[in-house]
Amino acid sequence: MSGGVVLQGLQTVLAVLAAPLLTGWTNQCRARLQGRRPPPLWQSYRVLHKLFLKETVLAKEASPLFQATPYVVFSCMVLAAGIVPMLANDLPFSPVADVIALVGIFALARVFLALAAMDVGTAFGTLGARREMLVAFLAEPALLMVFFTVSLISHSTQLPLMVHVLAHRKFAIYPSLAFAGVAFWMVSVAENARIPVDNPTTHLELTMIHEAMILEYSGRYLALIEWSVALKLFVYSALGIALFVPWGIAPVGDEAALPLALLALVAKMAVGGLVLAVLETLNAKMRLFRVPEFLGTAFLLAVLGMLIHFLLES
Amino acid sequence: MSEITGYQPVAMVWGGVLCWLALALLAIPLRAHKRWLLAGFPLAALTGLWVAAVGVAGLLLPASAQIVPVGFPGLPVHLRLDALSGFFLLLLGMGAFGVSVYARGYFQHMEIGELARLAIWYPAFLAAMTLVLLANDAYAFMVAWELMALSSYFLVTSDYRVEEIRKAGFLYLLMAHIGAVALLLCFGVLQGNGHTGDAAFTFSAMRHGVLTPTQASLAFLFALIGFGAKAGLVPLHVWLPEAHPAAPSPVSALMSGVMLKMALYGLLRVGFDLLSVRQEWWGVLVLVLGLMTALYGVIFAAVQSDIKRLLAWSSIENIGLIFTGLGLAIIFSVEGKSGLAALALTAVLYHALNHALFKSLLFVGTGSVLHASGTRLMSGLGGLMRKMPWTGWLMLLGVLAIAGLPPLNGFVSEWLLLQAFLFTPGLDLHYLNMMLPVATASVALVIALAAYVMVKFYGVVFLGQPRNPALKHAHEADIWQRMGMLWLASACVLLGLLPSAVIVLISPAVQQVAGRVLTNDGGWLVLAPMDAARASYAPLPFWLATLAVLLLVYGLVRFRYTGRVRRSAAWQCGFPAVTARMQDSAEGFGQPIQHIFSSFMQVDRQYPQPQDRTPHYASVSIDQWWHFLYLPIVAATNWLSQQTARLQHGRIQWYLTYSFITLLVLLVFVQ
Amino acid sequence: MISTGASGMISGWYLQIVNLLAALLLLISFAMLAQRRVAGLISLFAWQGAALAVSTAIVAVFTAQWHLLYSVALTLLLKVMIIPWFFYRLVRKLGMSRDVEPLLNHSLTMLTGIVLVIFAFNLALPISQMAGTVMRSTLGIAMACVLLSFLMMITRTKALPQVIGFMAMENGIFFAATSATYGMPLVVELGVALDVLVGVFVLGIFFFQIRETFESMDLRQMEKRKEH
Amino acid sequence: MLLYGLLGVPLVGALLLLVWGHRRLAAEMNVLFSFITLLFAVALAVRVMRAGPMEFDGGWFFMDAFNVFLVGLTALVGFTTALFSRPYMRIECAHGRLTMVRLRLYHASYQVFIAAMLLALTTNNMGILWVSMEGATLATVLLVSLYRTPAALEAAWKYFILCGVGIAQALFGTVLLYFAAEKVLGAGGNALLWTHLNAVKAHLEPTVLQLAFVFLLVGYGTKVGLVPLHSWLPDAHAEGPTPISAVLSGLLLNVALYAILRNKVLVDGALGTQLAGHLMMGFGLLSVVVASFLIRQQSDVKRMFAYSSIEHMGMMTFAFGMGGAVAVFAGLLHMTVHALTKSAIFFTVGHATQKAGTQLMSGIRGLMGINPGLGWGLMLGTMSILGVPPFGVFTSEFLIVTTAMHEHGWATPFLLVALGVAFAAIFGQVQAMVFAETSLPRLPHQPAMTPVFLHLVLVLVLGIAMPDWLAVWYRQAAHLLGA
């Protein structure tokens, strides 16, 4: 048990610390693919450091809610990181929240961010909040559906258990999982404000979603938000790994498997970042009103996955 | 009073009812004394607390019954307090306490005439709802039910000079009446056929009545129509978005938060208690209707620009979710999966309780906003967080709760509901197995959309900049109002943090309805229905962890980085001339929804003209049901009545002819 | 009490007179249906009353139903004298002796009348067979009179003819009472007579009121209370 | 003795008022006489309740639970209406709509009317019953035309002719009844005594009685206002003075229905079939449905409530037609509550129209502002008549509908649709009348609200706590009606 607590802490801290690395890696890959000179891998940390040290400028109208939001969002992401198995399955904290609660945590962070965006009362902030919520209400059910499909196979909504079942099942091709996987990818893209749904690198009024929400943040608040964004991407990636390629995660009580698990995680994350970069390079950002169609497709795929599970696998 | 033995809980509730009735009656002679009238509300609140306490007693103690020898000869008023009514009494009492405390502050600025009307009907309304929960025979139930409708009608129309309010009241009472007629039919079918005379109307006779499947289905359908009309089930929901905004806010709070649950209670009473056997298709029907209601409600909530209307539609949505769960419970119970039925029912009851609290909170908070700003339209609101911090923060809790976000109470019940859905595989009916994933998806969609709606609601009203210069003078709610809201908000938090305890508390009600309690595999800290390995949720540790991380991060950041904070104008990408009109309006926020779900509604848009000095865009989304269902009925009625009127054309010879022909026809008939 | 069976000889001729009078009543009813002039209508009404009175008197005398004589007296007094006289006076005073235009086509009315008579006869047949009275076969005629008067009320557009139709209907009912049961109990007869008297009195007041207000007795002015 | 008091007081009152009716205290005298009548009625009721059914005067009069309850109701509503008419008619005079001479006519006829109805209720003789029904009609014809407006005259004329013709059919029916009775009971006055008839009803000739019932039903049914014989009713209610509308709706219709029911008992006994009941159900249902659709078309408030009376009379007729203990009980209860409620409504409507100067509902607005008592009176009265609990109308409708569901399921949809339409139509109008903004000033004088609230409280008591003795009474009456 105590080992579990240590592992839990270790893994969470690792996630928090390593999250900007994944962002940096993705950016590097993308720059390479686009023929630009890549920023160093540590660029994300530098940016965070810089932001933390900077003077914070707050809008006059900003309320305490605006100031509290970065902390809330960041804590939510840390919590999420504490639930998703990355290295080991032995997570004493995980009964606190299952996948549905995980979706809830993400939603909480998002709602706070959207409210904060509306707090100052600028045109961009409200616009961003609206678009963010639009994306969310389509993405969230799709995400839930993905989880449900997986949980139908694993008979649980507890992540460690799901991972355990998925990793130790007899090897078989689950078409439902394939559908769910594609849907999950689409949802993650939307949730993490990546191309083709959103572009994290632009500040164009017509296209931006996430960036519009955090326009008014600066200094340490912005740093926290950026860090949360990185952490969110990391958690999502870990989630994808846990659900669809869970092999390698150390089972309960098997400390010896940990180094291998770490290696596997790094490898999978690297591949994941690369894939993300490739896809971002290949696709163009879509019009805002194509987004519902995009997410609708994800939703449909997830539901199809569930139906297929009933039809073929049960 | 016969048959009172000792301090039976039922007799104690009866005391609460009498208290409320006495307050109502006392208000009539005191109708000119403002101070006395206002003093009635805290007393009503205390009575509410008392009723809630007795409700808990009803949950924990065995059922108790009482016969009060008033009412119909041969059919005295039968009262009974069992766990199910105990639960709803608890709900009623908790809601009533908070709202009544609030009402003391809210009503004190009313004109005396309106205050007097409110002071008379408000306690009467509470008493009627209590009686609905206690009634143990069809007659008493109907009387209480209609008294509830009547008193709430008078509360809705307390400001009757406004034509819209009258229209809303009319529609409300009409729908209530139609619902009551359906209930009458339901009880008519249920009438215990083993008994004759007046005794056939007692619930105990109905419980033992033997019905054919057709009769039972008929009774259930009538009950569904009757209670659905009160609950606002689509397509019987049309009154709700009209009546709730029309009422004074505490009344809206009670109606939305508490009265709608009486419909749930009624359906549970009829469907699970009076009808001993259920059929699976009832569950499917309720499920489908519930989903439709939820989806319809939330979509329309998203496109409203009147805050109370928005909340009213959101109530429709929540009722939809509740009924979805109920449908699931029926399906499970028919299939003999009583454990799962218990899970679904727990979700239903939990959500009902939650909704009673957060919707009351939101409605009363809206009342404070209305009082401070004088408008319900979002286009004239904004930035109230800074003027009304108490209201703002307490409302934030309500908003987060209703949006189904952890660690508040809304999340718990929605989590339970989703868990219930996840357990559906393995039903005997295969088409259900196929259908339920889609249903699950819809529930998820509704929950996500609810968050959208609430961000819109809170963001537009409390955040941003005031859209109307007059809002500079907005004032904070007074101490009574704050206390009321505080009560409701803390209840939301507590229910969110201690779900295991709550589930234990409501388990007698679940036991009574589903025949089994929901087993919690996780102890008092962790909520783990059925099996901890399948799913668990522990809000208290969750909340503590969040808090810990938050404090840690805050501490670290503040300790490590001590950078200055400077206040300046908003950045806005450097755009200099920022005005409040540049923020998203309510219509703007609803536009994507209008766009995506355009087939659900008919949108009337008013576009600004090029020469407008203050260009304004407005869009009103009209419920399609009006066109599909209600207007054709009205037209048909009018047509029929015009045709009938042709009979009456004033010429006496014709009238004589009618008599003559009648005579001849009858003579031929008897020959 | 003379039983019909035993005194076939005596009953023979008076019964024939009664039957004749009954036929006369029916004829008068038809005549009233056809009559266009108000004055003529009033005299027909008086004649109808007279025929009623005579037939009742004959029955009273020959069957020793002496109480029927009260009824005869009342009929003579009311329906042959007072009411016609009153109506004549009204007609003169209010100047409404103009022709009565029926609402319905004349021949159609007659045809309907005949159908009604057949209908009434059929209706009365089983009942009159049960009756113990000497003039039971006239019940059908009484019923026909009632229906014909009803028809007459329907087809008239002026107030007075309508009232006369109403009174004729009362005559038919009286005739039925006599023919089926040798009249109603005396109290009832008296009561009915009182009602008729009061009714006519009320009617008189009424006519003046109508006249005052509408300046005509045409019912077509009184069709304003309607629903569309 | 009590009986003579009951019948004599209004007659004496009528004579006195005929002389005195235009003087200063005539209205008070009217109230006084009505009150004494009420006292006699109560005393009689108590006696009958204690001692059971009794005959008076060698069988000329007969009191049992059924008619004594109607006597009580009639005397009560007669008294409260007199109370209401005192200020009402005074204001009418002040407005110049009436002269003192007509007021004399009014007062005298009012007492005659009450006397006629009491006679109709107490007499044992079916012939006298007819005579007094006709008398009640005649007493009110001139009251309907009291205002001498063209509309009032037209209404009165239709009332006179249609009811006259109708009641002539009833006379014919009575003749047929006598014809049948005479064979069993022998000729003479006793053959029309209801108690005697009732004793031998099984031996009465069925063919005759069924024919008789048709005529009686059409005849008295015209007075009840059953569709399609109802055409006089809305006119007479709308154009007469409001107190008369109140007693017409509240009392006369009941008494006419009483006449039908007395006859139905005999016919049922003779026929041994449900024919009479089915006919009544048919008429009742038709009345309920047609009247409720006609309500939708109204713009005149008194007309609207007149149609509502048709609807409710139809409801009662339907209930009595169904027969059975519960339905008849409900029918009797409905009689009571409808009489009380409808007259209360007419009282408030009277004051409202007087104030607004029009009977058009579009012209009557904001009663709540003019006088809250008036507003609440009309509002609650309407709620009550529409069958909203806890008022007694709901109770009876509850029983009627639930019984109908079990006995004649096919009829329930019609009943309920009609109730729904009537609800929407009436309530939509009343709400605006009571609540909407008005430019009229407050009512200068205090309206006569005591009768209104007295009636409503009684109806409320009937709805939530019916006293046992009353229930026993109703049950006895229901038993008498063959249930």
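Should a chain be cited, it is by its letter among A, B, C and D, assigned in written order, with residues numbered from 1 in that chain.
Just so it is clear, a residue touches a chain if its C-beta (ideal position, glycine included) is under 8 Å from a C-beta of that chain, and two chains touch if they have at least 3 such contacts.
Treat the numbers as computed from the prediction; the structure is a model and nothing was measured.
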Chain at maximum distance from chain C, centres defined as averaged CA atoms: A
Whole-Å gap between the CA centroids of chain C and chain D: 31
Inter-chain centre distance, chain A versus chain B - centres from mean C-alpha coordinates, in Å: 36
Between chain D and chain B, distance of the C-alpha-averaged centres to the nearest whole Å: 43
Centre-to-centre distance between chain C and chain A (centres being mean Cα positions), rounded to whole Å: 101
Chain B residues counted as touching two or more neighbouring chains: 642, 645, 647-648, 652, 656, 659, 663, 667
Where chain C touches two or more other chains, by residue: 123, 150, 153, 162, 219, 222-225, 227-228
Contact pairs between chains, per stated definition: A-B, B-C, B-D, C-D
Sites on chain A touched by chain B in the complex: 52-63, 65, 71-72, 74-76, 78-79, 82, 93, 95-98, 100-101, 104-105, 107-108, 110-111, 114-115, 118-127, 129-131, 133-134, 136-141, 144-145, 148, 151-152, 155-158, 161, 203, 205, 215-216, 218-220, 224, 289, 292, 299, 302-303, 306-307, 310-311, 314
Chain D - residues contacting chain C, complex: 125, 127-128, 130-132, 134-135, 138, 141-142, 145, 148-151, 153-158, 160-161, 164-165, 168, 171-172, 174-176, 178-179, 182-183, 187-189, 191-192, 205, 207-208, 211, 234-235, 238-239, 294, 297-298
Chain C residues within the chain B interface of the complex: 103, 119, 122-123, 150-151, 153-157, 162, 219-220, 222-228
Chain B-facing residues of chain D, complex: 157-158, 161-162, 165-166, 169, 210-211, 213-215, 217-218, 222, 228-229, 231-232, 234, 275, 279, 290, 293-297, 325-326, 368, 372, 383, 386, 388-390, 394-395, 398, 401-402, 405-406, 412, 416, 419-421, 423-425, 427-428, 431-432, 434-437, 463-468, 470-472
In the complex, chain B residues that touch chain A: 382-383, 385-386, 392, 396, 400, 403-406, 411, 415, 418-419, 421-422, 425, 433-434, 437-438, 440-441, 444-445, 447-449, 451-452, 454-456, 458-460, 463-465, 522, 526, 528, 532-538, 541-542, 545-546, 549-550, 553-554, 557, 560-561, 563-573, 575, 578, 580, 582-584, 588-589, 592, 595-596
